[in-house]
Amino acid sequence: MEIPRHWRLRKQRYGLVGEVCPHCEAKIFPPRDVCPDCGKEAKTKFSFSGQGEVYSYTTIYNAPSGFEANVPYTVALVKLEEGPLVTAQLTDVAEEEVEIGMPVEMVTRRLHQDGDERGLLVYGYKFRPIGFAAH
Amino acid sequence: MEIPRHWRLRKQRYGLVGEVCPHCEAKIFPPRDVCPDCGKEAKTKFSFSGQGEVYSYTTIYNAPSGFEANVPYTVALVKLEEGPLVTAQLTDVAEEEVEIGMPVEMVTRRLHQDGDERGLLVYGYKFRPIGFAAH
Amino acid sequence: MNNNIVIAGIGQTAVGEHWKTSLRELAHYALEDAIKDAGGLRPQALFVANMLAPNLSKQSHLGALIADFSGFVGIEAVTVEAAGASGGAALRQGYLAVLSGMVDVALVVGVEKFTDVVDAGTETALATTLDSDFEAVQGVTPTSQAALLMRRYMHEFNVPADGLAGFPVTAHANGAGNPNAMFRRAIKAETYARAGMVSEPLNMFDAAPNADGAAAVILTRADLLPPNFPHPLVRISGSASASDLLALHDRPDPLTFPAARRSVETALEKAGLTREQIDFFEYHDAFSIYAALSLEAAGFAERGRGWELARDGVIALNGKLPCATMGGLKARGNPGGATGVYQAVEAAAQLRGGGGANQVAGARYAMIQSLGGPAATAVTHVLERVEIGE
Amino acid sequence: MNNNIVIAGIGQTAVGEHWKTSLRELAHYALEDAIKDAGGLRPQALFVANMLAPNLSKQSHLGALIADFSGFVGIEAVTVEAAGASGGAALRQGYLAVLSGMVDVALVVGVEKFTDVVDAGTETALATTLDSDFEAVQGVTPTSQAALLMRRYMHEFNVPADGLAGFPVTAHANGAGNPNAMFRRAIKAETYARAGMVSEPLNMFDAAPNADGAAAVILTRADLLPPNFPHPLVRISGSASASDLLALHDRPDPLTFPAARRSVETALEKAGLTREQIDFFEYHDAFSIYAALSLEAAGFAERGRGWELARDGVIALNGKLPCATMGGLKARGNPGGATGVYQAVEAAAQLRGGGGANQVAGARYAMIQSLGGPAATAVTHVLERVEIGE
């Protein structure tokens, strides 16, 4: 079981907490302590709004273990309004309704089950179309 | 699940089927097609008697997954009467009764469970003291 | 002459589902062939290219395993891993080892064994090559990553629905002439248009099949070979490796492959060649979209126009820049970490004039490129036929 | 001067249970230290030593991951794996790369992250380093393999029950002086005699603790360094790697380590030294019995008598051949594939005169050895303090 790994990442996973570069103001997600834009140290916490739009998307039918129960599920690259792209599942929407440029917002959902039936449930961010009611 | 791997090895696992080198008569187990003694091709099948003696042994308390249910279990290097050493679990004997040089013979038993509860049961050779009744 | 590192022997197994053959056996068959082809040269060092055995076969420590099983007990042996670029990376390690003067004869073996597991195991293992904490945790897989890139590419550059068809059509046409290919039947563009979706818009012909296989090359210095060596020599004229941001979402522009571009530029520079001198290009077409992006990164096409080279027949065997000449990953099959070594074997065969039905006429310079993920790692080699007297 | 490959920078994290720190962060901390120590030299190539991340952290493709996360996007980057010898093997690949002339500055990072999993996951991952088909399938683990060797060794050579106590006692004594060690308290021989069994006759002091850690070295050619370089230089004078039959049961005599012997002989020969000139030896004491067998393989003791060197104080800091001078794997901790890089860092520190409380007086030549399993892989390096004017 992988409790330690998921516990360590809980802040980023639950709240889209990244960093802002104190030197060039780049917004950074996932956090990496080194600014990808200017190469300087960037450890200042920054909470993203969770608003963005779909940069690209697709649907997965052959899933890794832990995700079999979700099949089919739609994943996307979402462009956050603060700049960064993020990889995430889409939720509360059918694939045929998704399109590039569609506005989306972050929600916290169950991502997958770690390991076998006894496994840990891993929660984290997904995105849903703005204006859609949760199921 | 790993059905193909275990299926492929069933002959060696169930019957201690190895090879004899047609050039220098070395007996080879596990089979490897190249004679470790003379370096020539050795593909002639050879069935080992399954008789041998304990070269060394120890007991495992921290097991890999699939073996947790067996803990504690005793493993040994067994010197087969035809020459090769083989790595195997001992069965039908308590660790404190084992000693280096003890005569043993091969039996077929369940080795472990592959993966989770739904997993494949893997059978193969173990060794037990000669003269001991099976439990 | 000390910098004259050559491929002195090549070997491979057919690519496919080798249910009855273990990982160690596959590697052994390929390396046995390569050593025989090299006139029996014995290696002092083994570089194993592998991507997934620790997960798929619960087996790491492949260096010792394969040296042992193949009868080379005692030689130096390590595994080199860089996801799908493992093959190219191991080839480069072998090259550097011989170039260093510390190793006279290096054996590079690429091996991958997919069929040791069934069900979700394959996708689980493949997902380890992504950013585990921020990509794989979302259930993303290499195939869906390629689909994400493909959709965005088609959107940005107004590519028609069957715009990438030329890549698999070319690959399958060439696979027909390769006895070691997994798929040996040509397909038509109409077949592509009707194909089932894997991860929309990526269909079953846009993804190379993961399969079992092993390939091997023997590297040495040309001056160590006997004068009557049995076949033409192929020199490694350029070698370069580069990396990129691992996660797709971290890249400023996901639709470019800067690591591929950089490794091509360096490899050409080391070889003292321009890209126009390259006679054929073995790109890493794990997915059709990667072929398009690789052609653009290498400078063979402008941004957003790589797919036109397939549409227009430029990459066909009789085109200006033949690609995937033995079927590429798509038709020969994609044996993971072994793939880059297959490329070296195939390119060397072509440069020797041993391309059979698929011979690229008069080929002198080949470029081969091995990618890990969407070019998070890119390893490029330039190979050259050595003319007599050189 | 071109063959003058030196360790220009060293870095490490403390070894222990770094629950809050990820694999990529650990690697980053160590390499940041090494680069700073090297006066800011920027690497062109990254060699990552790692044994188990594909299983323990579901993460492969560490080259790109670490280059990316540490701000070296674009550089050449690969993972080198040879089980427990991954660290030594990556050091050697970095050395060969610089020696080849194709890389001016190489960064070698060893990193291992054990605490990403709990329960049986660790043993499952460790078992992949054995012969999966014929050893691991029986439930055998690296620890039980060592116990099998230890029992047979004690039987054949009439070693008393606490005969190997000297190895952990020495290691813990030295760990007390190493601020990065996991265990920093000396132990007594009586403590050893009373210790709980792990796998009889192997007790808890006979097995080094698996733990998290990262270490890094910067390699370059001495002639590329500025004349006012901030600290003494350490040269790699000898480097060698060898393999053995992977499965213990396949070996004609399991109680010898021929790969270790062979790599020591070659490394000494390359360095132009005899074993008597070695001032201290960082052996791979993953288990006490491996320390004994390594001393015998290296020629420091006769067959069956390696344990006497520990009993008699020969391996103590003030002995004739100090070993495990910063605590060894036993007290510093055993961060898997990173271990061989820790050895390089510690030996370089000693040779620079930076051994602190554990300084080996007047040390000029060090031998370090990295083992994969029971020396199925053995990588040995000889390091040398470079005297002014040399």
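The first chain written gets the first letter, and so on, giving A, B, C and D; residue counts start at 1 in each chain.
Here is the rule we go by: a residue touches a chain if its C-beta (ideal position, glycine included) is under 8 Å from a C-beta of that chain, and two chains touch if they have at least 3 such contacts.
Bear in mind that the values here come from a model prediction, so they are computed numbers and not experimental data.
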Without subunit D present, chains still joined through touching come out as one piece
Quick one: point me to the chain whose Cα centre is farthest from that of subunit C. B
Cα centroid separation between subunit A and subunit C, in whole Å? 32
Can you compute the centre-to-centre distance for subunit A and subunit D, using the mean CA position of each chain? Integer Å is fine. 39
What parts of subunit C, by residue number, touch at least two of the other chains? 22, 57-58, 73, 119, 121, 124, 127, 133, 136, 245, 247, 250
For subunit A, residues that touch 2 or more chains besides their own: 5, 36
Subunit D to subunit B touching residues, read off their complex: 119-121, 123-124, 126-127, 133-141, 143-144, 147-149, 151-152, 155, 198-202, 245, 247-251, 254
Sites on subunit C touched by subunit B in the complex: 19-22, 25, 28, 57-58, 69-71, 73, 115-119, 121
For the subunit A and subunit D complex, residues of the former touching the latter: 1-5, 7-8, 32-34, 36, 39
Of subunit C, residues touching subunit D in the complex: 22, 45-46, 51-52, 54-55, 57-65, 67-68, 73-83, 89, 93, 96-97, 99-103, 124-125, 127-133, 136, 239-247, 250, 258-259, 262, 372-373, 376-377
Residue ranges of subunit B in contact with subunit D within the complex: 5, 9, 12-13, 30, 36, 55-68, 70, 73, 75-77, 84-89, 95, 100, 111-112, 122, 124
